[in-house]
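Dropping the structures in below, format is structure tokens.
In the two complexes below, chain A is the common chain; its partner is chain B in one and chain C in the other.
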Partner chain A sequence: MIAETGFFLLLFSFAAAVYSALASLVGARRAHGEKLIVSGRNAAYLTTALVTASLGMLLAGLLRQDYQIAYVWSVTNPDMNAFYRLTALWGSQAGSLLFWSFLMSLFAAISIAFAWRRFHALVPYAITVMMVTVAFFVGLSVFLENPFERWWLAGGTGDVMRSVLMPAGAFAPDSLNLQGSAQGLNPMLRHWAMAIHPPLLYLGFVGFIIPFAYAVGALASGNLSTDWIKATRRFTLVAWMFLSLGLLLGGRWAYDVLGWGGYWGWDPVENAAFLPWLAGTALLHSTTIQEKRGMLKTWNLSLVVLTFSAVIFGTFATRSGLVESVHSFARSEIGFPMFVFWFGLTLVAVLLIIWRRGRGELRAEHEFQGLLSRESLFVLNNVVFVALFIAVFWGSFGAPILSELVMNTNITLGADYFMRVTPPLFAALYILMGVAPLSGWGVTSLRRLGRAALIPLVLTLASLGLFALAGMSTALSYVAYFVVLLAGWVAIVETARGIAARRRAHKENVVTSAWQLFGRNPRRYGGYMIHLGMTVIGIGVIGSTLFQVETQRTLQPGQTLELGGYTMRYDGLLANQVAEDGRLMDIAQVAVLRDGRELANLRPRRDFYPQSEGTNSMTIAGSHSTLENDFYVLLVNWEPINANQATFKVYINPLINWIWTGGLILIAGTFLAAYPKDVVSERARQSVALAKPGQLARKGA
Partner chain B sequence: MSQAAWTKGSDPVPQTRKSIKPEQIKFIVAGLVILTAVVFLIISGTASGAQYFLTVDELLSDPSYAGKPIRISGAVDGETIVYDGANLIIDFEIANIPTETTDLALTLHQAVNDPTASRLRVHVENEVKPDLLQHEAQAILTGTLGPDGVFTATEVLLKCPSRYGEAVPEQAGA
Partner chain C sequence: MARLLKLVLIAALCLTATLALAQDTPAEVTADQVNAVAEKLYCPVCENIPLDTCGTAACADWRNEIKLQLEAGMTPDEVITDFVRRFGDRVVGIPQDPALNALTMVTVVAVIGAALLGGVYFLLRNRRPRQPEPAIPAPAEGAAPASNAYYDLLRQDVEG
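Let's look at the complex of A and B:
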């Protein structure tokens, strides 16, 4: 029953989404179409409810262990606990597509409820775009990647078949047999970070479709004010945060599970998720310019299209087998429809932009004045982000595809390419992150900028002194840390200045004035906090990239190895331990010592999943984590005959935990920046924004 | 509602001057400098990072590839894997994958079991044997072909298709 119910709910949601898209569009184009518009909105809400219910059915199938459903059979087995059963929802293609549709419809419903009254002109067109998207993804589930198909055996021949409804003359296979042969979730995906990495990534992806929908709404309705930005800013911000966390957690999973001591490999699929992040980060910055100065209207609309395109392209590239990647799902049938969908929506949006621009409706209200003005620096920031976008796209997709088409050979660009091209661009971004907050709107002189930068510069040099004391020696690392630290210190000093100024003016204590200041300028100080988070992440990335050390050694129990001031002692091995989910574990026991003092006992191990086909063994690192570094140990080999001897690979990854810490600061900053201040008093916020250039002038004087 | 907005948006915006002012020249110069730098970065990066992505047949049929940075894809023959765990040296053979179909698992299976398929010996040093290095996995290797006909790989990526493929419960009918 579960499978049929789930499938029909999905079928109805497809119909509801199609109706909603059409009714909204027709209603918006008609002189008295309000009734149709309301009907379209209600159908959108209904779509959300139906998709949610359908997802609930699949979830019920997973939790109730209904192995007759092919999807359930392929991603779970009786040994798995309820948590991994839940995460199996996005463990494979068909489930993750349905989950994608669910998140998309949920975001659509929330954005409609939020924008319905305030931005009414945009909503019908936005609903059309969002529901076309939902209908497309639900359609993929209904027609190509159906998660509700069940196993059947043909009456005469006993051939195995898959379909939702029972084929004529077929019978259901024996439940116990199915249960016994069920495959279980890929062992590599049984990790806390992998359990939440896909949903976070999807939340990010899906969230970026909302600004696209409302931007198309603006273009189609002719309301080309900043309404589309206001209606979606918070969605963009939250999407950005989820995408950032999704990327970080993907790295964390790779670091914990893949056992190569790294977290980012410039693999095409990683890059496919990184591209929308780059475009989306540029978008978050440049829409501010339009809100404050009425500039960059065409640019912002183009950027929103680029972000959306990157999301759909990323989903398409990941799932279509377009490029060789360790990540790619099986080559599947959804590649071509996805390409058509992406191309169609992008084309419509681009044509709308060209049309509105041709009518002169996207002209800027101000002109650029000084090279060092804040708007110029923001534009520069955008240029660098787009350059990074192009560089990463070229390296992952452009060069391989073009060489295939034009030269009939396949040329790929490895990590060398990315390690040469991206660091200077990242450095440029950190420099801008350090300089832009110090500049003002309009014209800013170099001298004023220099004065404002004095304190952060001194603090940066002082921190570099600490690095020197710690023994850092290469020139490159000093340059890298200089730009990264400066950005962070500027964020801290600017925040401290704001608090101090408010304390003087209002005679408040530090906590009250910080609270008041953040509450009045959530976007500004949330932004600074995010900048600080990026600095902390940068500290970790540079440290772990430039200063990683590694060694490998075969040890007898009691023997030790030395690395980077640490001593590791091998104490013995526990072979063939059985875990509660049925896997077998060989666990090495090692102690980590420094200056003769025992810091930690680690248990690097090898897991073996006897029931899984394909990937059935995993190397799980043991690591001793501090802010200073990770002492990361892999048990790479041991001989069952000679259990006394084991081989280890050991890494020291300096400052790597700053990366994850930076992620937490990023979350806090995003929540602050998304604090719903402008709903409460739009006018107060605008007056604060107008006062900013003056404040800066005073600061500089 | 939407109609009102439609007419509001189409109000003509006052025309601005089109000629380039001296003010704007510095923006144009700055833009050109950035563009040049980015183009240079991408071109030099491409020159240093480019690798031919070949099949085993393509590599073996053209001697000019020897010594060049190559990426190669092949099907792993599990029986040939020799792993020296104490010194972290891996040796194995990959078979040519003719044309890829939508069923990667089947393609790999046929490649490994085709006695006429060309094969390449692979040598990897200082690498832990990856968990995914097993029979009928797809290996994507980066490295160079030596004069002895052995491919020395510096990077090993592996893909096991069985997980996401169209697996069918074999015992179902039993």
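Let's look at the complex of A and C:
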């Protein structure tokens, strides 16, 4: 009953989404189409409710262990706890598509409620775009990847069949038999980060439909003011934050579970998620220029199309079997429809931009006033982001596909390619991140910029001096840390300047000054905090990339190995341990020592899942983490292990934990930047007495 | 004397034989040396997994083959070239074949270069003719901010 109910809810939601899209479009094109527009809006809300209810049915099936449902049978088994049964919702193609539709419809409903009154002219077109997209994804679930299909046995022959409704003459298989053969979740997905990483990534992906839909709404309606940016800025920021977090948690999952000592492998599927992040980050910067100066209208619309187009392309690449990786879903029939949808959506949006531009409706209201003005530096920042986008797209998809099509040769562009092409571009981005906040809108001279940069420069050089004292020696690391630290110090110094000026003007303590200042302009200071987060992430990335050391050794119990000032002692092996979920574990016991002092006892292990098909063994690292580095041990899974010997691969990953810490700062900054200014300002006004006019002028900003 | 000569001759022969044998004995190759080569190669079977981390039996055999090749005196570059010859350019991170290398590296550098030049050209083309710069002081400590939009905004924030 759960399966049938879930399916029909999904079918109705498909119909509601199609109706919503059509009603909104027709209503918007008619002179007196308000009733249709309202009807379309209501249908959009209904779509969200129906998709949510359908998702609830699938969740109920997963939690109640209804193995008659083929999806439940393929991603759960009786040994799995409730937490993993819940996360199995996105453990395979059909469930994750439904989850994707749910998130997208939810975002759509929230944005409609938010923009209905303030940006009414844009909303009908935006609903059309959002509901066409939702209908497409729900349609995939209904017609090609149905999560509610059940197992049936044909009467007479006993052949196994899958369908939602019972075929003529068929009967349901025995539940106990199904329970006994249930496959369970892919072992690679049984990790805490995988419980959060896919939902965050999906939130990031689907969130970008909001700016895309309203931008298309602006193009279609002719309201080409900054309304579409105002209506969507917060959604864009939130989507960007979720995508950033999703990428970071994906890195953490890879670090913990994939067993290769790193967190980013430049895998095509990782890169497919990175592409919208690059375009979206450029978009967040460049829309500011349109809001402040009325410039870059065509560029912003192009960027928003590029961002959402990258989302759909990445989804297509991951789910169609276009690329294979540890992240991708199995090949399926959805590849061709997804390609057509991606191509069609992008084409329509591009044609609309060309049409409006041809009519002269996207002209800039100002000109650039100098190469060092803030708007010019933002444009350069955008160009570098797009260059990175090109480099990553080319390495992940462009060159491999082209070489296969044109030269009939398979190639893999790996870390060698990306580490050769991208570092100069990342360095340029960090330099711009450091310089742009010091520049003003309009004219800025080099002399003025130099004076503003003096204190951050001195602090950066002082930091490098500390790095030198700590033993850093390579020229490359000095260059890399210089550009990264400068960006961070600029963010800190600019914030400190504001706080100091406010303290003097209002005689407040530091905490109150900071609170009030952030409240007055959460967007700017949130941005500085995000820059600081990126700096901390950069410190971690440089440290763990340039200074990682590793070794592989076979040890007998009692023997030790030395690496990077640490000593590791192998104490013994616990073989064939059985975990609660039925997996078998070989656990090595090792001690980590430094200067003769025992720091930690680690238990790197190999897990084996006897019931799982495909990847059924995992190498789980043991690590001793500090801010300085990670001592990371893997029990090498291709070497024989027994009571007498075991082979270990040991890494020291310097500063790697700065990456995760930077992620936390980045989240805090995004929350601050997205916080409604009006709310904060009102609170600030209520809690603080106004300073005497002119006080600030004497203090400087 | 003759006896001494015989002894010297036998000792010399033994020494020569030992040296010859020593030259035939493969040099000890460590797992780290094997991994240093393997991490530059991709598994010929799996997609996008470096050979040093791939857990399949086939990759374990290939790592062993790398070890044997290094012990036989091949350099890391020779080992990599041998793998490319046998399995194609997909086993390396950047293709060695000149045409494929040009396709991947030259194209991307050209496109990125064009994008960067395009950006700078766009800025120069859309730049307002140079005008005398207003006398706005830098936001130095103690200096009064002048009528610059950026500092006006900053002043609003600070003034509350």
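Convention: the second predicted complex is superposed on the first by the 665 of 701 C-alpha atoms of A that agree within 3 Å, B and C clash if a C-alpha of one lies under 4 Å from a C-alpha of the other, contacts with A are read in each partner's own complex, and residues count from 1 in each chain.
Criterion: a residue touches a chain if its C-beta (ideal position, glycine included) is under 8 Å from a C-beta of that chain, and two chains touch if they have at least 3 such contacts.
As the structure is a computational prediction, the values presented were derived from the model and not from experiment.
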Per the contact definition in the header, classify A:Ala452: touching chain B only (first), chain C only (second), both, or neither.
second
Just chain B (first), just chain C (second), both, or neither: which does A:Ala31 touch?
first
Could you say whether A:Val421 touches chain B, chain C, both of them, or neither, answering first, second, both or neither?
both
Applying the document's definition of touch, where does A:Ala505 land relative to chain B and chain C: first, second, both, or neither?
second
Considering only the touch criterion stated at the top, classify A:Gly395 as touching first (chain B), second (chain C), both, or neither.
both
Contact-wise, after the overlay, does A:Met472 reach chain B, chain C, both or neither (first, second, both, neither)?
neither
For A:Arg520, select first, second, both or neither according to whether it touches chain B, chain C, the two together, or no partner.
second
Now for A:Ile492: first (chain B), second (chain C), both, or neither, which partner does it touch?
neither
First (chain B), second (chain C), both or neither touched by A:Thr412:
both
Taking the stated contact definition, name every residue in chain A that is touched by chain B in one complex and by chain C in the other, in rising order.
259-260, 267, 324, 326, 367-369, 371, 376, 380, 383-384, 387, 390-391, 394-395, 399, 409-417, 420-421, 425, 552, 554, 617, 619, 637-638, 647, 649
Going by the contact rule set out above, which residues of chain C touch chain A in the complex?
30-32, 35, 40, 42, 47-50, 52-53, 55, 57, 59-60, 63, 88-95, 97, 99-100, 103-105, 107-109, 111-112, 115-116, 118-120, 122-124, 126-128, 130-131, 133-134, 136-145, 148-151, 153-160
Residues on chain A engaged by chain B in the complex (per definition of touch)
28-29, 31, 33-34, 37, 73-74, 92-93, 120-121, 124, 151, 153, 158, 160, 173-174, 177-178, 180-183, 186, 188, 221-224, 259-260, 267, 324, 326, 328-333, 359-361, 363, 367-369, 371, 376, 380, 383-384, 387, 390-391, 394-395, 399-400, 409-418, 420-421, 424-425, 552, 554, 613-615, 617-619, 634, 636-639, 645, 647, 649
Inside the complex, what are the residues of chain A that reach chain C?
258-261, 265, 267-268, 323-326, 364, 367-371, 374, 376, 379-380, 382-384, 386-387, 390-391, 394-395, 399, 402-403, 407, 409-417, 420-421, 425, 439-443, 445, 447-448, 451-452, 497-498, 501-502, 505-506, 516-517, 520-521, 524, 550-554, 617, 619, 637-638, 647, 649, 684-685, 688, 690-691, 693, 695-701
Which bits of chain B are touching chain A when the two form their complex?
1-10, 12-13, 15-16, 23-24, 26-27, 30-31, 34, 37-38, 41-42, 44-46, 48-54, 69, 71, 73, 83, 85-86, 88, 100, 102, 104, 126, 128-129, 131-132, 134, 140, 142, 155, 157-174
